[in-house]
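Per-chain residue numbering starts at 1, and chain names A, B and C are given in the order in which the chains are listed.
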Amino acid sequence: MITIENLTKRYGTTTVVDGVSMHIPRNSLTVIVGTSGSGKSTLLRMVNRLVEPTSGRVLLDGNDTRAEPAHLLRRRIGYAIQGHGLFPHHTVAENIATVPRLMGWDAARIGARVTELLKAFALDPATFAGQFPHQLSGGQQQRVGVARALAAEPQLLLMDEPFGALDPIIRAKAQDDLLDIRRRFGTTIVLVTHDMDEAFRLGDHVAVMSGGRMLQYGPPAELLTRPADPLVSRMTGLADRAMRLLSLSTAGEAALPGTVDGPAVAASASLRDVLSELVWRGVDAACVTDADGTARGHLTVAAILAHGRP
Amino acid sequence: MRADRLGALLSAAGTTALLSLPFVIFKANRIVPGTPHSLGDVLPAWGAIGCYALLLAVSIVALYVTNPRLRLFAALAGVVVVALAVAAAGNALTPAGNKVVRVAPGAGWWIASVCLGLLATDAITRLRPGPALRVLLLAAALGVALLALAHGTFDHLSIMREYAVNAVRFAHEGARHVALAAGSLGAALVAGLPLGILCYRVPRLRAAVLGTLNLIQTIPGIALFGMLMAPLGALAAAVPLAAQLGIRGIGAAPAVVALFLYSLLPIVANTVAGLKRVPRATVDAAQGMGMTDSQVLTRIELPLALPVIITGVRIVLVQNIGMVTVAALIGGGGLGTFVFQGIGQTAIDLVLLGAIPIVVLAFSAAVVLDALAEVMARAPA
Amino acid sequence: MKVPGVASIARTAALVLLAAFLIWPQRFAPLFVPLTQYGAPPIYDQGNLLTLALAQLGTVCCAALASTVVAVALGILVTRPSGAQFLPLSRTLVNIGQTFPPVAVLAVAVPLVGFGLKPTLIALFAYGLLPIFENTLVGLKTCPPAVLEAASGMGMSARQRLLSVELPLAMPLILEGIRVSLVISVGTATIGSTVAAKGLGEVIIAGLLSNNTAFILQGALVTGLMAVLLYDALTGLERRVCRTVRID
């Protein structure tokens, strides 16, 4: 969907993004992770041309993004940022309707879309549509920010530290919501964060940036098992890399055939959680069951541990 | 190389004005209409060419040089050149010993000077001088101007002719102007500081007092003067002692009272704002160490509130210096006397004789008090 | 029904009193007689008070409208990238300009354009620019960066961003600038009578010249009331706008 070719951004003599190339497939959730000053936000902002690259180019479905005026390009791409950036003088409904209005949708279609999105984000339209942003809680404001970014049914959603301003409990909820929204709308998402846990939790592809260069780009497990750079392993954390790896696979994926005597664990649970459960109960094996309770197989501590090694 | 947009605008405006508008106006006497003269008419050829060459150099600096120090230097050089040129024009056009002819700077000179002044101001702004340097720059500029005036450089220009005729009155009215502005400020400080402290301590009082003072500020100066004339006149008539103290319906009394009332709002409001800014923890600590209420006020709260209070004093002083001008209408005196006399006689030189010192006074007060507030805010009290 | 507050009662009373006095000034004559001497007229008789008040209001509003248009346009101009080189100077100029007494601006305008309405309009316009320009600058410069970023990120053009985000957010401050400017204008316009502009200053000046305290007081009262009511009206408008434009 997005092809980034040799993208570079310089401000004077400082190079912020240095020759980055990557391909982001359709329907993926790609997380760009890095410390502050790593160039990750600049890279994201070059995709919707909030920053114009010094050299290199970005292709969207094979077309150079420079082929059309920047503001028209941006209307087709959703954009959500830290601190939400909601318009304080517009109601929640007006905020969500911003891009559809810019694109000239008719009132009925806009109204329907606003209602649909409010419901999707668990905000009762009757209560929230007419409220102003300052009347909402932080978590609600953030949800409206994401709803606004999705309003014009964009194929692509860019998110710059979208959950940075939220406290841990609300952030976990917002992350679940995002995975849910992605399943529901099938949007391709590129998300920038400095939080490695968030990257591993959300991303099916993770790109690690440092000093303007892309150190590694691939599935999260690959970052742990085959780090391309010592800095990548430092950033992903050496001490708990085995546990991180376990958290990337589910019980369903790792289940062995046949059933055993033991506690039942859900197929959707991560291996890390299953291991924790087994240690806690002091048993060696567990039954893996589907959501409807039918047995799917079993797991042993030894089998789980094997998944925690490269 | 890209030209500086501001430099381009100012150069274009200044050059056009110098080339197409009169540099000076010559009048055979104060009343007759004048004849315009360009820079080339009044200066010898080498002088005019020199002037134009120097101003061209200034324009080039304004267009292409980015170093603010160089820009400031060029702009100041330009100001000196046009000032000396207009003085030279005055000397050249005035026959020896003649005190009747009037040579006034023309629109071309004024616009060119304003452009150069703006260029200098822009350079100073970009240099971001500290408070001490700003006051020093002001003092230097005033010093040079006063030296030139004392030396008689500009004696043949019409405004200085008006000064020569009115020298004694000018000194008197100038002193009176300052006295009225500063006196009402002093009175406002004496009354306003305690009132401000009271308003801070008693929040219920705050809205009422500030609301009333706000309302007074809204009333135009001349209207407030007028409203005070009747009661003060009645007071003088009823109480002989008041009359002996100089309180009358017209003159300085209503002016001072009105200025005092206008001055109260900034002083009271800024005292409250300054005290509000004092961190709660600091006051707690002071009380915790056993300071009495009055010790907390004088040693902690007021010193910390001082920068904001000084800002209030700045507002008041600048506002008063302007407002005193209007007092001349009700016989209060001050430099406004020349302004309104000049309006009455359609004599722009007389208007300027009053207006320029007023502007210089207000501007100087603003620069000095701004610098003071900045120093206070920086220094830990 | 809501019980009207003290403020709205005072407002209505002031408005009614002002209107009554301007329409039927002679009815108020007995109040002013004690202030006159030697049988001088107690109510201004050299012109219609209502006409003078309306003339002054007209002058002030015309000038304010022009200053608003120009000041807001300039404020927008110097906050765009293409006008950035003018920004530092504009800020300093606003500071310096406000140390000029409005009367001085009026006085200097007379010799340039002659007596009458023109110098007053010029002075009101020029001086009125400053507070509006200053507040427009502050308003546009203090828009929350996240909001501006979101606006651009969603694909608003520079113009759409200005019209539907920046200006509405700056509106309360711009209105405050207009209010300050109007209050100064009413005062300066009163002094405009010394240069033969039609207005209520005429009444005060006539009183000063003929030593008639009654004239002075009625001129002063009408001008003062007008200024206060204008100030009050603008404050009300600001509150209303602030209610929809909230920046938390």
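Observations
We adopt the following convention: a residue touches a chain if its C-beta (ideal position, glycine included) is under 8 Å from a C-beta of that chain, and two chains touch if they have at least 3 such contacts.
The model shown is predicted, which means the values in this text are computed figures rather than measured ones.
Averaging the CA coordinates per chain and comparing them to the mean over all protein CA atoms picks out C as nearest.
More contacting C-beta pairs link the chains of B-C than the other of the two pairs A-C and B-C.
Rounded to whole angstrom, the centroid-to-centroid distance between subunit A and subunit B, based on C-alpha atoms, equals 60 Å. Between the CA-based centres of subunit A and subunit C the separation comes to 54 Å, rounded to the whole angstrom. Averaging C-alpha coordinates per chain places the centre of subunit B 22 Å away from that of subunit C. By the touch rule above, subunit C contacts subunit B in their complex via residues 35, 83, 85-86, 88-89, 91-93, 95-96, 98-104, 107-108, 110-111, 115, 183, 186-188, 190-191, 194-195, 201, 204-205, 207-208, 213, 216-217, 219-221, 223-224, 227-228, 231.
Subunit A makes touch with subunit C in their complex at residues 48, 50, 71-77, 79, 81-89, 98-99, 102, 132-134, 145, 148-149, 158. Of all the residues in subunit C, the ones that touch subunit A in their complex are 144, 146-157, 160, 165, 168-169, 244-248. Interface residues of subunit B facing subunit C in the complex, by the touch rule stated above, are 4-6, 118, 121-122, 124-126, 215, 217-227, 229-230, 233, 249-250, 318, 321-323, 325-326, 329-330, 336, 339-340, 342-343, 346, 348, 351-352, 354-355, 358-359, 362-363, 365-366.
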